Amino acid sequence: MNSKENSNWKKKLHEIIYEADTPAGKLFDVILLLLILISVLVVMLESVEHLQAIYGTYFQIIEWVITILFTIEYILRVSTVKSPLKYIFSTYGLIDLAATLPKYLGLFIGNTEALLVLRSLRLLRVFTILKLARYIGASNDLLKAIKASRAKIGVFVFAVVVLSIVLGTIMYLIEGNADSGFTSIPRSIYWIVVTMTTVGYGDIAPVTALGQFFAAIVMIMGYGIIAVPTGIVSSEYTNFKNHKINTQVCNNCNESNHGDNAKYCHQCGERL
Amino acid sequence: MNSKENSNWKKKLHEIIYEADTPAGKLFDVILLLLILISVLVVMLESVEHLQAIYGTYFQIIEWVITILFTIEYILRVSTVKSPLKYIFSTYGLIDLAATLPKYLGLFIGNTEALLVLRSLRLLRVFTILKLARYIGASNDLLKAIKASRAKIGVFVFAVVVLSIVLGTIMYLIEGNADSGFTSIPRSIYWIVVTMTTVGYGDIAPVTALGQFFAAIVMIMGYGIIAVPTGIVSSEYTNFKNHKINTQVCNNCNESNHGDNAKYCHQCGERL
Amino acid sequence: MNSKENSNWKKKLHEIIYEADTPAGKLFDVILLLLILISVLVVMLESVEHLQAIYGTYFQIIEWVITILFTIEYILRVSTVKSPLKYIFSTYGLIDLAATLPKYLGLFIGNTEALLVLRSLRLLRVFTILKLARYIGASNDLLKAIKASRAKIGVFVFAVVVLSIVLGTIMYLIEGNADSGFTSIPRSIYWIVVTMTTVGYGDIAPVTALGQFFAAIVMIMGYGIIAVPTGIVSSEYTNFKNHKINTQVCNNCNESNHGDNAKYCHQCGERL
Amino acid sequence: MNSKENSNWKKKLHEIIYEADTPAGKLFDVILLLLILISVLVVMLESVEHLQAIYGTYFQIIEWVITILFTIEYILRVSTVKSPLKYIFSTYGLIDLAATLPKYLGLFIGNTEALLVLRSLRLLRVFTILKLARYIGASNDLLKAIKASRAKIGVFVFAVVVLSIVLGTIMYLIEGNADSGFTSIPRSIYWIVVTMTTVGYGDIAPVTALGQFFAAIVMIMGYGIIAVPTGIVSSEYTNFKNHKINTQVCNNCNESNHGDNAKYCHQCGERL
């Protein structure tokens, strides 16, 4: 096999693995997707005790088959890409490695105690599913709207955290002595978060009249607060869409990227 | 009865059953609606043990009367429609059949074990109520807005599912050994969904400090995430309405379907 | 006292009771507001057993004083208004009567059994607080936006009810035999409503794997559905505000009620 | 040290403490932020019993160090500011004092009973974290949108409170005799708030058929009501952003503050 042939093979493999334009590339992506889904499913089912007891051996076989297939995929990815180091240290590269390595490490660190720790590492394979993000693509508008409101939601989340600490401390003072689960400030803060986000487990709940009154205020407050992030995303998204809806095209120069209220073309001055 | 008379009868019945323009057609729809509501109510009440013990016989009688009336309606629908096969295999045709058939099957499959399975099939009659959708009609705008945002909500729901699996696995690692219900990854994922959607049953709740800290983060995250679908629908609906509000009509050619920022009629070039 | 003087008195009293322009009218409204708040508070505190045991007599005295004052107010309202019958049978008139009558009826129907039924009637006095709606007033924009979206939210709520019945029936089939509270279809529907609205008490919660899987789907569905009413109100309100923001005034005829995209005044044809 | 030198020192300290333009000022702010975070963390951890038992002494030392540093900061703030009284009685001034004073008072009021009350005062130090608000700043748009909708949300919250009292009273009448926690009207109102805000602890839950039916109605109502505040904030924010997006600048006089639909500059009449 001469060097040119080798280079041709590399190019073809790169096309199959990294692109989805050719039938072979599409097939590769579908098979990979199925393998990832099966691997996630097996990890999930293994954690169910009575299933593990019956089908444990089958799970082991499936895991090894998938691990070997993922290893082959990883080697092919590294060998066909132009800059292997860039791939290895990219997010996807590290996730791909984390999906295969733990299983091999399990062979050398042999006792059960260590395997339990290993198992937790192995579960990182679930992250491999994030590869699916590649198959979405069409939702760029949505992602842009979320990105645009990221900073504002960040400020909002920070304010909620500060508010939770203040309110949690007050609640600890009110219900701390009653036998209702408010045993420490961190637990009270946990309760405030559970309440303000309207989750409401009920594992901790106020029992005193004052505590219930204060809880009701916190809830109505949370009711108003929940409106803020929704308002932000909703508004950003509306603005984003409005800009896209603008379909003004200059009759003179065909420029189409005009502001919403533009009366004259910003390229040639023609009346729009 | 000659063929022409027969055809006349068929036409009249078709008008009564499929249309609601004539007084007879309206009466037919109202009676059908009442029968559907009664049948749903009876199925519901039959499942309440102490009511079944007292009124069981009456429920049986009502069910048989309604089943026979539904059967007559089904036969009339099939016989008066132009293309009976098209109706039979339409969604409504299959639902109409599923609302009557199980009751008759119950006569031939006689023992109690089988009746229990049959009962579950009979409950499909509840779907008959979906016929009510015909009486809404006026909410087209709303349905269009939901349809327009369907794809984006789909992508969003998918992202939430992936996130739930990842977070559920992490939570299983944190709380798996504590006696707090996180006995397997699927159960942990169930808990993540219960928490992120802010339902919060409390049947499974974290007990360790780390678990409660992680839970608080998941909740605040869910708080931010809940904003996304609302933002999407809200925005689509606003855009949809804005387009409708546009009431520009060309003075020259009476064309009214103009873009929001159109300055000149796109049909005749007249200044709007 | 001649007829003219009497008429003057009536006019002045009408001004005080029905209007809030004069200092006396304002004072009357504030005192009435306070009395209503106290009466609601007393009804609330009376239902707390240990407070009733200690302060029962004081509660009785306060109630009688307020009842008599409310009776005087009712008589004055009837006697000063132009068309007393119209007032008596208006919503406010009936509420005002319901706030005083039960207390007097309690004198004639003397035994405890009857008093218990009476007590429930007396609680209707809480509705008197709805008079407070008069003091809001400034929130007309908000009320109009809610009214505008009332029909659409109605259709939405109806769809949610139908969906709840269908999903509740399915859940009853899945979890009916397990010992998890899904004892009848109505209870299952109750659970669906508790889940879909993200309330999640946890008094009924699925225990089987299939039930939990189905519950997770219902929750994610509810997650998407909750976006719809918010989107409707948000959009209606935005449209409503946008129309108000439009500040175009015709230079020629000072007409200001123009559509958002109007280029020429619809009254005189002047370029806006 | 002459008076001029003294004044120079004061000016420099004022720059460091009150401004963040110089490197020293930035460093001061970062250190202060860290101290506040540590002090909040220590207060939180002290309330956890088993941590207090082990690390109690270390917590005491850290608290004293921070208290002394905060005292120095407070003295410097008072002495370098132009009008000390204005600072002392400002919100920040009072919070700064409340963060240091309780610890010193603890020395004089020595017994445990009093310390418990003192502890509650000491917790006010958590409010010091609100100083963090200074570091946000960039979120002015968001704050303005919230402020603009404050009045409307106020009216909404008031309506929710009135509705809660009315519905709570009805629920007390329905479930009051059943053994399900609805022991008084205030508790029933607490339950209504827990339900309408979709928190749903499950500590109180209806058990009768009528109670569950009524609860389902309350939930679906809450479902619709939750749309209102979101709609308000969303709409205000959209309007606010739309006004900012308007980038029309008059070609003649460079005036840029035009209404959304303005066709001619409101300053010089030039066609925009």
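Going by the order they are written in, the chains are A, B, C and D; count residues from 1 in each one.
Convention: contacts are C-beta pairs under 8 Å (C-beta built on N, C-alpha and C of every residue); 3 or more make two chains touch, one makes a residue touch a chain.
What you see is a predicted model; the values in this text were computed from it and never measured.
The chain pair A-C and the chain pair A-D differ in C-beta contact count, and the higher one is A-D. Using the average of C-alpha coordinates as each chain's centre, A ends up farthest from chain C. Chain B and chain C touch with mostly distinct residues; of the residue numbers seen at this interface, under half occur in both copies.
For the pair chain C and chain D, the CA-based superposition corresponds to a rotation of 90 degrees in steps of 5. Note: centroid distance chain A to chain D, computed from Cα atoms, is 30 Å. If you average the CA atoms of chain A and of chain C, the two centres end up 42 Å from each other.
Looking at chain A, one finds that residues 156, 186, 189, 198-202, 226, 230-232, 234-235, 238, 260, 263 touch two or more other chains.
Those residues of chain C that touch chain A in the complex are listed here as 198-202, 230-231, 234, 238. Of all residues in chain B, those touching chain A in their complex are 151-152, 155-156, 158-159, 162, 165-166, 169, 172-173, 176, 183-186, 189, 195, 198-202, 205, 209, 212-213, 215-216, 219-220, 222-224, 226-228, 230-232, 234-236, 238-239, 259-261, 263. Here chain A touches chain B in the complex through residues 40, 43-45, 47-49, 120, 123, 126-127, 129-130, 132, 136, 138-139, 141-142, 145-146, 153, 156-157, 160-161, 186-187, 189-190, 193-194, 197-203, 226, 229-238, 241-242, 245-248, 260, 263, 271-272, going by the rule given at the top.
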